[in-house]
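In the two assemblies presented below, subunit A is common to both, partnered first by subunit B and then by subunit C.
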Partner chain A sequence: MKQKNNLKAWLYLLPAILFLGVFMVYPLVDVCFYSLEENYHSISQTYTGVGLGNFGHVLSDPFFIQALKNTLILVVITVPVSTGISLLIALGLSSVKALKKAFQTIYFLPYVTNTLAVGLVFMILFARTEYTDGLINALIQAMGYEMVDFINGPYWAKMLVTCLYTVWIVMPFKILILTSALASVNQDYYKAAKVDGASSGRIFRKITLPMISPTVFYLIITGFIGAFKAYSDEVALFGVNLNEAGMNTIVGYVYDMLYSDKGGYPGYAAAAALLLFAIVFTITYINLRFSKNKVQYM
Partner chain B sequence: MKVVLENLTKQFLSRQKKGEIVTAVNNFNFEIPDGQLIGLLGPSGCGKSTTLNLISGLETPTTGKIYFGDEDVTNLPPEERGVGLVFQNYALYPHLTVEENIIFPLQNLKGAQKMTKEAMHQKAVETAKLVQIDGLMERKPKELSGGQQQRVAIARALVKIPKVLLLDEPLSNLDARLRLQTREELRRIQRETGVTTIFVTHDQEEAMSISDLIIVMKDGVVHQIGKPQEVYDEPVNLFVAQFLGTPQINVFEGEIRDGKVWIGEEAVLDAQGREDRKVWVGIRPEGFIPDENGPFTCRMDRVEVMGRDVSVVSTHDKMTGKSIRSIVSAENKFRPDQTEVRFSLKPYKVFLFDRESEERV
Partner chain C sequence: MIEKKNARVSRGLIYLFLIIWAFIVLFPFYWMVLTSVKDTAAYNNEKIPEFITTAPTGENYVKAFTEVSLGRYFINTLIFTIVTTGLMMLVIVPAAFAFARLEFKGKGLLFALFLSLMMIPNELVIITNYVTIVNWGFQKGDLTYLGLILPSVTSVFYIYLLKENFEAIPDELYNAAKVDGTSDLKYLLKVMVPISQPTIVTIVILKVIECWNSYVWPRLITKEAKYFLVSNGIQAIRESGFGRQDIPAMMAAVVVVSVPLIVLFLVFRDKIMAGVSRGGTKG
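== the complex of A and B ==
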């Protein structure tokens, strides 16, 4: 009886297994092979040896180092900032009564807006062209400071715009999730804490934050993973030639190694992709270990 | 600490009908004596929880004043009133241990009241001993039974030595056996601490069994305040009479005519000196005496045996409920083929209410 049920179960799972196997598992395994095949030639489909040569090449490639640096800066800045601001906004949203729905809609709008369209808006705001200095520069000038070219100018300016852009585009989702997490906290806890004489700061630290900690933690983990995979946002701001702009990311580097003018090196691309995987894996693992005592699963 | 409620009124805007005002508490006047256990009793939606919230400061009254002792606390926020509040669902902080839960109010103390860690621990243990949970200090709330959680909630409310202890339906989440036990416990804790305690309940038995005073509310209006037995024996109106007592009081259409109380064609009681009028006749289940020559005749339905007593279920054309329940001693014998049962009535168990106003006459 049990055997029969198992068979049925496998049968039901078969379509999904087949699909995932062909389109997920096989490519994943294949990437591992690619990364080990040295000097792979894509046309003749030959390689000279098996080893860690691809990894060595990638790690000594200045473009990869630049991409790695950019990605790390992006991750370290945008994840805490976006999560923090989202939490503040969500707290604000859950305490206002009038126009709550309107505010929620406004804050959610970036989520349904196309990345490239948003990039265009940021370009208009920040870029300096022959015709205009851009809205932000107009403001800077009005305040009496020197104008900066945020799109083709110094590195810090470009990084600033990228961070702003990333924070702005990831916030709606976080606000949405945090608002619902806050709404699901039983109001009686707040009432009890109030009667017990807790200040609002203490209520936030001792009641609210622990109550929504699983959600915050979820957002931090997915935020890290998402930020490490950054690519399209940079393209939206700086165009496809990210190396020239000095704003490439690891995913951008992988793409370049495969498809750009300098591309055609699946070995390097695979090695870079696996390095990215290793970094994300390590960070997530550390996150999990670190937060074990902080996150309260009720 | 005595609690004085003066013309207390709370109105809300209705959620269903725009612009309509709902009066949850209507002109509540009462002085709750120091150190007593008060049961605030009424059907759901009668405004008893709102009254509790007003006293705790979680809600502010539309009009009226609240005094703790001689101090006007009407406009004080909850944290400055010094009340302890036990919620219906206990509202224990799930991520904190029992001890951390109990200590929480102490950690909020400021200025001169601030306590050292050692003193707080001491106080928590002391309070935990009072409610007999001192062996569970390291547990999380979800590792406790309902009754234990209840005790933790009471300990948390008591640890600051509140001026007033408020309990919202404290026993409704417990099973029947635990409820009996816990209500005795509540009485004991209240006696030991001497804190003025107000608890809300819809269970009249619960309120009657442990309260020094009960307040019966309906639709935001206080109907009667008094010692439980007094309220039971002398209800001021039909609602109070019906709300107190299990089984419920039996109510009949009747009238006062020629100095007698009539139900249908039978004169069941003397009513010398009363003016003639149509009335509701309320008869407590224990007010019936089986009597072959009694003046009141009912159609026999069945007899339910309860051991010491039997419950006679009968019907009558003029009754208002589904059936008439009378509790009589098991020494009375009934024949199985009996179709009619006759009673005489205990006059002090019969109440007469005006047909229109439903006030006692």
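== the complex of A and C ==
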């Protein structure tokens, strides 16, 4: 009886184990091999040696350095900005009653949109072509400043529109999570503070912020991880040739190394992917260590 | 008295702030619809874009379906979404059941292994998966569908979510069914699945959204345009289709791609938001 049950359980698990084995566990081992096989040739499936050559190549590749720089700027700007604005909006939402549901619905919309599709809307809003100045540039001119093409123009302009679009895309998730965190703070604390005559700024600093700090911290970590994986948003804004636009990201670099028309270098792709994983892992670890004393868990 | 006035002013400011953000969120959608109904020639003559159009036209929508194979991309995406989601349910429901209800050797260890797989980013495994699919020949002809679907039919996270849900169902129900001689499979399908329906619906919706928006894997796997999904279809329109000259037609395609998910969201609003706050990522 017991034996039969054992077998049955494994049968129920078999499809999941098969798929996870083939498409997750095996690739995980395999990617490490790829990263160490130097000058791997994808057609003849041969390589010249084993070593850290792929990592050396990737780290000295100017395209990778550019991608690393772009990704870091994106992370450093968009994570604090989006988390900060989300917190303000969630605080606003939690202090109103009328129209609250309507606002929440609207704010969530970017989550359910196709990143590639809506990115094209941002592109035409910010681009300045020979046919049209584009809406944003028309506004800039109306305010008396000099127009700039945000899509094919200077680096800072391209980075600015990338950051804006990224923030626009990641806000729904953060607003949603922060709103429910604020709603779950025990109202008795606020009542007690009111009785004591505490100012609203003090209530925020002494009650609200400590109570929601685990959530904020969770959002910062997931925000970091998400921003490090940026890629589709950039494709939507600047097209598939991100290297030419100077706007590639680490993930974009990995894929460029894989696509057969341009790349077909799984060794470089594997090395870059492992570097990305190492960076994300380290930052998450530092975050966890740093937060241990700062975050109050409920 | 003064305090009341202050409260009203600050309430007003809060609403102003909320309305401004709502405007920022909605404006791209407005602009996309507006541009999609502008006449192409008229649009190209607007050095400064107009905020409204007096002569809306549906012509761009006709172009979106006739000049590029948007209809085909749509059908591909539909097939991909339905089959992937369906297969995934067939994989994760039994797995979640085994973890929640059955006793077997090595259960704890296996579950820990499953959980540890949640930390693995897709970027790390995609390289080998690509090679695997190419080696199996699943990026040629109609086999492309298999190549698109197979790597995305398991999700450790959803197994975990479902397992938690199954475990919340009281043991008494299971024991009673055992006494009645109900088989495990029958119990799973007739009792557990119906009871867990809200969670299952949430998982299905989240997976549908994920499938509809997936871009990176389809771009790797689809060599021929006739197997494109909407995301790479839109990108192809932008790079080599009419996207360069005909912005209104491109925006019509963007509207067509965006509408299904927005409708899905408006219908299942509460389920989607609850599901995402329990286990969504992106951001």
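Convention: the second predicted complex is superposed on the first by the 278 of 298 C-alpha atoms of A that agree within 3 Å, B and C clash if a C-alpha of one lies under 4 Å from a C-alpha of the other, contacts with A are read in each partner's own complex, and residues count from 1 in each chain.
As a convention for this text, contacts are C-beta pairs under 8 Å (C-beta built on N, C-alpha and C of every residue); 3 or more make two chains touch, one makes a residue touch a chain.
Keep in mind that what you see is a predicted model, and the values were worked out from it rather than measured.
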Under the superposition described at the top, does placing subunit B and subunit C together on subunit A give a clash or a fit? fit
Of the partners subunit B and subunit C, which touch A:Val195 in the superposed model: first, second, both, neither? first
For A:Tyr285, decide between first (touching subunit B), second (touching subunit C), both and neither. neither
Could you read off the angle at the CA centre of subunit A, spanning the centres of subunit B and subunit C, to the nearest 10°? 80
Could you say whether A:Tyr145 touches subunit B, subunit C, both of them, or neither, answering first, second, both or neither? neither
In the overlaid three-chain picture, which partner chain does A:Trp156 touch, first (subunit B) or second (subunit C), both, or neither? neither
Of subunit B and subunit C, which one contacts the greater number of residues in subunit A? C
Which partner chains sit in contact with A:Gly239 here, subunit B, subunit C, both or neither? Use first/second/both/neither. second
Which partner chains sit in contact with A:Lys174 here, subunit B, subunit C, both or neither? Use first/second/both/neither. second
Considering the aligned complexes, could you tell me the closest Cα pair distance between subunit B and subunit C in angstrom? 8
Please output the residues of subunit B touching subunit A within their complex, sorted ascending. 56-58, 77-80, 83-85, 87, 89, 91, 93-95, 104-105, 107-109, 142, 156, 160
Per the contact definition, I'd like the list of subunit A residues that touch subunit C in the complex. 5-6, 8-10, 12-13, 15-16, 19-20, 22-28, 30-31, 34, 42, 82, 85, 88-89, 92-93, 95-96, 99, 103-118, 120-122, 124-125, 131-135, 138, 168-174, 176-177, 180, 219, 222-223, 225-226, 229, 231-232, 235-236, 239-240, 251, 254-255, 258-259, 266, 269-270, 273-274, 276-277, 280
The subunit A residues in contact with subunit B across the complex are 186, 188-189, 191-199, 202, 206-207, 210-211, 296, 298
The answer for subunit C against subunit A in the complex is residues 11, 14-15, 17-18, 21-22, 24-26, 28-29, 31-32, 35, 43-44, 46-49, 90-92, 94-95, 97-99, 102-105, 107, 110, 114, 117, 120-121, 123-132, 150-151, 153-154, 156, 159, 184, 209, 212-213, 215-216, 219-220, 230-232, 234-235, 238-239, 243, 247, 250-251, 253-254, 257-258, 261-262, 264-266, 269, 272-273, 276-277, 280-283
